[in-house]
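The next part holds the structures, each set out as structure tokens.
Shared between the two complexes below is subunit A, which has subunit B as its partner in the first and subunit C in the second.
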Partner chain A sequence: MKPVSRREFLEAVAGLGAALFIGGCSKNGQAGPKGSVPRMPKVSVDGLFVASGRGPAKNTRAAIEAMGGMGKFVKKGDFVVIKPNIAWNRPPDAAATTNPEVVSELVRLCKSAGASKVLVLDHVIDRPAEVVLGFTGIKDAVEKAGGEVKAAQQESDYRTIEIPKGKLLKSDTLVRDILEADVFINVPIAKTHSATRLTLGLKNLMGCNWDRQSWHQSASLEQCIADYATAVRADLTVLDATRILLTNGPKGPGRTKDVDKVIVGTDPVAVDAYGAALFGLQPKEVSHILIAAQMGLGSLNPSVVKTV
Partner chain B sequence: MKRLLFVVLLIGTGVLSAAEIPPVQKLLPAANAVKGFKLVPGSLIYAKGDDLSKIYDGGYELYTKNGVIDAARQMYQREKDYVEVTMHTMKSDKAAADFLSYWLKENKVKSASKSSGTTFFVVTKPNVTLYFVKRRYFGTVAAFYAEERAKKDVASFRDAISKLIVSR
Partner chain C sequence: MGERKSDFFSMRTLRRVVQILSLAAFVYLFLLTVGQYDPAAKRIALLSRAPVDTYFRIDPLAGLTVMLSIRRIVPVMLFYALPIVILTVFAGRFLCGWICPLGVCLDIADKIFFRGSRRQRRGGGVGQNRLRSLKYYILIAVLTASLLGGQLVYLLDPITLITRAFTFALFPIAQLGLRWVGGQDLIEQRLASAAGSPLFPRDVQYFFRLNLVAAAVFIGVIALNSITRRYWCRNLCPLGALLAVFSKASVVRRQVGGKCNNCAKCVSDCKMGAIYNNPRDYQATECIYCYDCTRVCPVLATRIAPALRSEGYKSSLDLRRRHALQAFGIGAAFAVLARTNAAAKTSRTGGVKTSSEFLIRPPGAVPEDEFVNRCIRCSECMKVCPTGGLQPAITEAGIAGLWTPVLVPKLGECTQNCNLCSQVCSSQAIQPFEISEKPYIYIGRAVIDRSQCIAWNSDRKCLVCDEHCSYHAVYWKEVDGVKRPFVNEYRCVGCGICENACPIQPHSAIRVYSFGDRRSWTREQQKAFYELGAKSAEPGR
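Coming up: the complex of A and B.
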């Protein structure tokens, strides 16, 4: 019996849900049945893979290859969503957004592995989003690599998901494309953040959600970040530490440091723990990383760190 | 009579719209106030209080805690050159001066300079950014291109804004 793909499963669930659902849109206006299944990873690989000294594209390729290749995650015909940080209208050297060469190399690797479509998206903060996609260098780089780019700027781009393990968040929204993707790759840049000390992989997922403000106004932004990560799990986290932002994050301008590393893993906590060390911090000093570890999302001390 | 009423309503609506523009937003230079720079359509953002997250995302609390009441941001473009201007209303002149001092320290700059009634400093890495205050207004002008040209342009924007503050 052919295994049911994630997309087929979701389509079946959505169809059944639509048939049963009466009453229209949820409070936040997302169309479709409330309470889509959380987004869980399919493959788990022990340890972290760190490539350095080669520049952004070659580091990305080397780290993925060390992990066993993109084929471990992406199969022929898959729909892949890549979520970098494209929140700000900043050029790549400002280290406020993910390096476009990291993103485009991932697009190439996914296409080579057989992906039918690779969509790169974010919920862009600066306006207008089209200008941001261009100015960050993401649009050009991705399109040249054979991918597509999208700014998820409409509420209709989002669907409600349940967060059964959440403490503060019991439900929230997620970009529909991520929910529908066969493979979801989270590609943050490592930088400081005035509210959460650092923003790495876990915090980058906040950009998959429609309403950021409600998290800021909640009892604990850090708990919201960890709650959301229990339901929105990337198959792979690729941390861009080509150049990191040391001050005035998340947007800068601020002091930067050239680190020339790309860190890859399936354990989102382990990736963030490694990222924290780049700033001279213990992972426990960053509340949302600690909370995520306590909620069982991963390890603060990965068993294997393979440097290539 | 109906025509007169229509004209009155039209003028009234126009006056009302102008009155609704927050003062800080009026400090954003018009197109070509700095020669060659156009407004980037759709780039204007105005935010107040917790809504400053629309401009600074999670970083907004730094601004509210330091006395920012509201802010307006506009992008400008001259061919491939982009400039981003953000003006903030502070709760007092002192809060504005203190916030500039915060950024001086943050950027490890020893002292600020004075020109056109403003107190300011410029950092050039990773891009050229000018920080300045005048009265209760704190502003930043960031330019993302070749340093020497960018330094001249951010100074021109500062002067244009300073004139707008004087006229208010």
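Coming up: the complex of A and C.
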């Protein structure tokens, strides 16, 4: 072997360094302009659609069909992002995470409506996230249904968004894929929550941002939740109330109740208001739902509730 | 020269191949020290069933010092190291020349960095053997310390030394580098079909304390090559010294035939400087069987083969009694100083060390006195920890506990469904345990600092600690109309997820302290304590 001269060595190092640098640029350089446009829904459907008594998958299908089918939202070739609540490392029957069958049925519906790609993601809290994706049953169910799963665990997965209507939050971060998606479906599970009393659709959006701690540090967690929801609007909210967590939320383990319902709507406040009733609460008693209604995000008393 | 066979098919080539394979195996086992979700068991498990700690099990120095200091047999270390010892007795220090990953790195570094260096022009460091016996004195000091209950070895054991550099310095850099170039996705795509899971975990970027020190030691050992080849192995390595002692009566010897023309090429080419004075004579305990001398000999007079011979080599260790006694004294002094160091003082309330309130050991860790002697500082537990929360101790465990693992919840919690650290601990300083036992393996206790907590001092709706708690140990009560967090001592195991998640940064308003450590209790006692708490009223709502 020919000895490497100093010059050759330095050249090699410089070359490698340049390659790394350029490679790094191409990956992180696509950040786009700071402050992208808020994410807004395209289609609005009046009222809520509630399916019950059929089990998670069939409830989901029935509620969506009652609403006019997934084709109303998903067009051929669309990129769909589904955001369940899979923050915790808990088994599906603990009611701390969205029922995997609800999620996988949505994936199937999107696929048959012509979606080119369906990505199921969350900012997972318990670690390691890969384990949570497996343990909650989400990964298996979604992949069998033809979707993809992702835990958005790196800061590079997020982009900054402006929140023009926000009172406390003027800008925050949002998972890049949600920003790029054609259709965004929010799939919370109905649970109690120690800090915000309940966690339903609006609160579930908190898992789309990178830095949760700053919301807790702010003057009002509830105001932050509502602020964020003004800029991050799901096209569709599907509330999983197959089994709800009555105590020790959000992580449990706690007492659960089998409700066997799936609630679907485009009005995020209406869905949450209906969800609050499942716990025997007035929507007004849950501050962040009330604030969201006052900010004009939706109605506390949905005009039509169609039960199927 | 007509009879000379191709340079390629030789023992030297074989040795080089084995060396490369050994380094590759070492790196591969290192990378395999990672967890993955096991869908069948529904929990985290090691990526592979391969014994990822093989290199530590076969390390006779680690095994010997651990067993000397705890005065008990560690079967897994004994069974793996014994064959190595027996082979060394018969076949000499082949481990140094063929297997040792640090040795391979030194040889490779030699080829890359030290070719044509000043050292080479001076004649390859021939004659620079003054410090050769130093390694024996180091070994004496190390063994004395072990015997008297203080561990010194881990600063100098080559296998742990290189692993620490890999864990603390190289791996986090590799992770970062992969992220920069976007290689993570590439690797995952390749591995998705092959191993089913990434070797570079996606959701944790490792950050380690003392990474600079680990790297500096490693680089320093390599840099010593600028004085002589394998400077470390010749003069410093206590493992090499131990193997040299074992190899005194080896029957595989270097033999020089009558054709030798005294060209002394073997003398200048011996990387261990084992051949000195004249080519026919060598220091057998220094030979690492690299077979370089058999290849460089222009007349092919040298061979290495099994032989019962009594001439042509020297196997005495040439120790001076004075120096041996000094080494003995240093080792003994270290042991007694470590035992009388402030870090060794135990609190009146039980087995908790007073050295640091943040001395949080991984679950399953044996009681502290034994822990610092058992832990070989291989850093495998820190490599495998899926949250990156296990960190090398700096001051927490005192001088005697340097590099031992402590949980730093700020960097990562001890996640609920995981016992990986106990699975990779070759010396079983972290004893194996079932995940189902985790609710009562108390490693510490969370304490709420009400002066910092925003739920307590400014009536905010923050119960992040309660939300995150995996064991339902943090709960809330309404006090003056506001929900405020409390900690249930029976349920809190000190996993630190609350401290990690607390929005008060960097000094969390809930912190894990070592006084909850119940290592001095038996598992039955721990369980009884836990059940006592379960009988008490269900906390929270």
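We take it that the second predicted complex is superposed on the first by the 276 of 308 C-alpha atoms of A that agree within 3 Å, B and C clash if a C-alpha of one lies under 4 Å from a C-alpha of the other, contacts with A are read in each partner's own complex, and residues count from 1 in each chain.
In this section, a residue touches a chain if its C-beta (ideal position, glycine included) is under 8 Å from a C-beta of that chain, and two chains touch if they have at least 3 such contacts.
Predicted, not measured: the structure shown is a model, and the values here were computed from it.
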Discussion item. In the overlaid three-chain picture, which partner chain does A:195 touch, first (subunit B) or second (subunit C), both, or neither?
Written reply: both
| said: Applying the document's definition of touch, where does A:181 land relative to subunit B and subunit C: first, second, both, or neither? | reply: neither
| message | Contact-wise, after the overlay, does A:222 reach subunit B, subunit C, both or neither (first, second, both, neither)? | response | second
TODO: May I ask you to decide whether A:124 touches subunit B, subunit C, both, or neither, giving the answer as first, second, both or neither?
DONE: second
*For A:94, is the partner it touches subunit B (first), subunit C (second), both, or none of the two (neither)?*
first
Tell me the contact category for A:213 with respect to subunit B and subunit C: first, second, both or neither.
both
Problem set entry | Which of subunit B and subunit C A:106 touches, first, second, both or neither | neither
Per residue count on subunit A, the busier partner among subunit B and subunit C is C
_Touch test for A:134: subunit B only (first), subunit C only (second), both, or neither?_
second
Taking the superposition on A as described, I'd like to know which of subunit B and subunit C A:264 touches: first, second, both or neither. neither
Contacts of subunit A common to subunit B and subunit C in the A-superposed view 89, 91, 125-128, 131, 135, 193-196, 212-213, 216-217, 221, 247-248, 250-251, 253
Residue positions on subunit A within touch of subunit C in the complex are 1, 3-4, 19-20, 23-24, 26-27, 89, 91, 124-131, 133-135, 140, 151, 153-154, 156, 193-196, 212-214, 216-217, 220-222, 247-248, 250-251, 253
Contacts from subunit C onto subunit A in the complex sit at residues 35-37, 39, 42-44, 111-112, 115-116, 177, 179-182, 197, 201-204, 386-387, 412-413, 415-417, 454, 460-464, 466-470, 472, 476, 483, 497, 501, 503-505, 540-541
Given the complex, residues on subunit B that touch subunit A span 40-45, 50-51, 53-54, 56-62, 75, 82, 84, 106-108, 123, 125-127, 129, 142, 144
Touching subunit B in the complex, subunit A uses residues 87, 89-91, 93-95, 125-128, 131, 135, 193-196, 199, 206, 212-213, 216-217, 221, 247-256
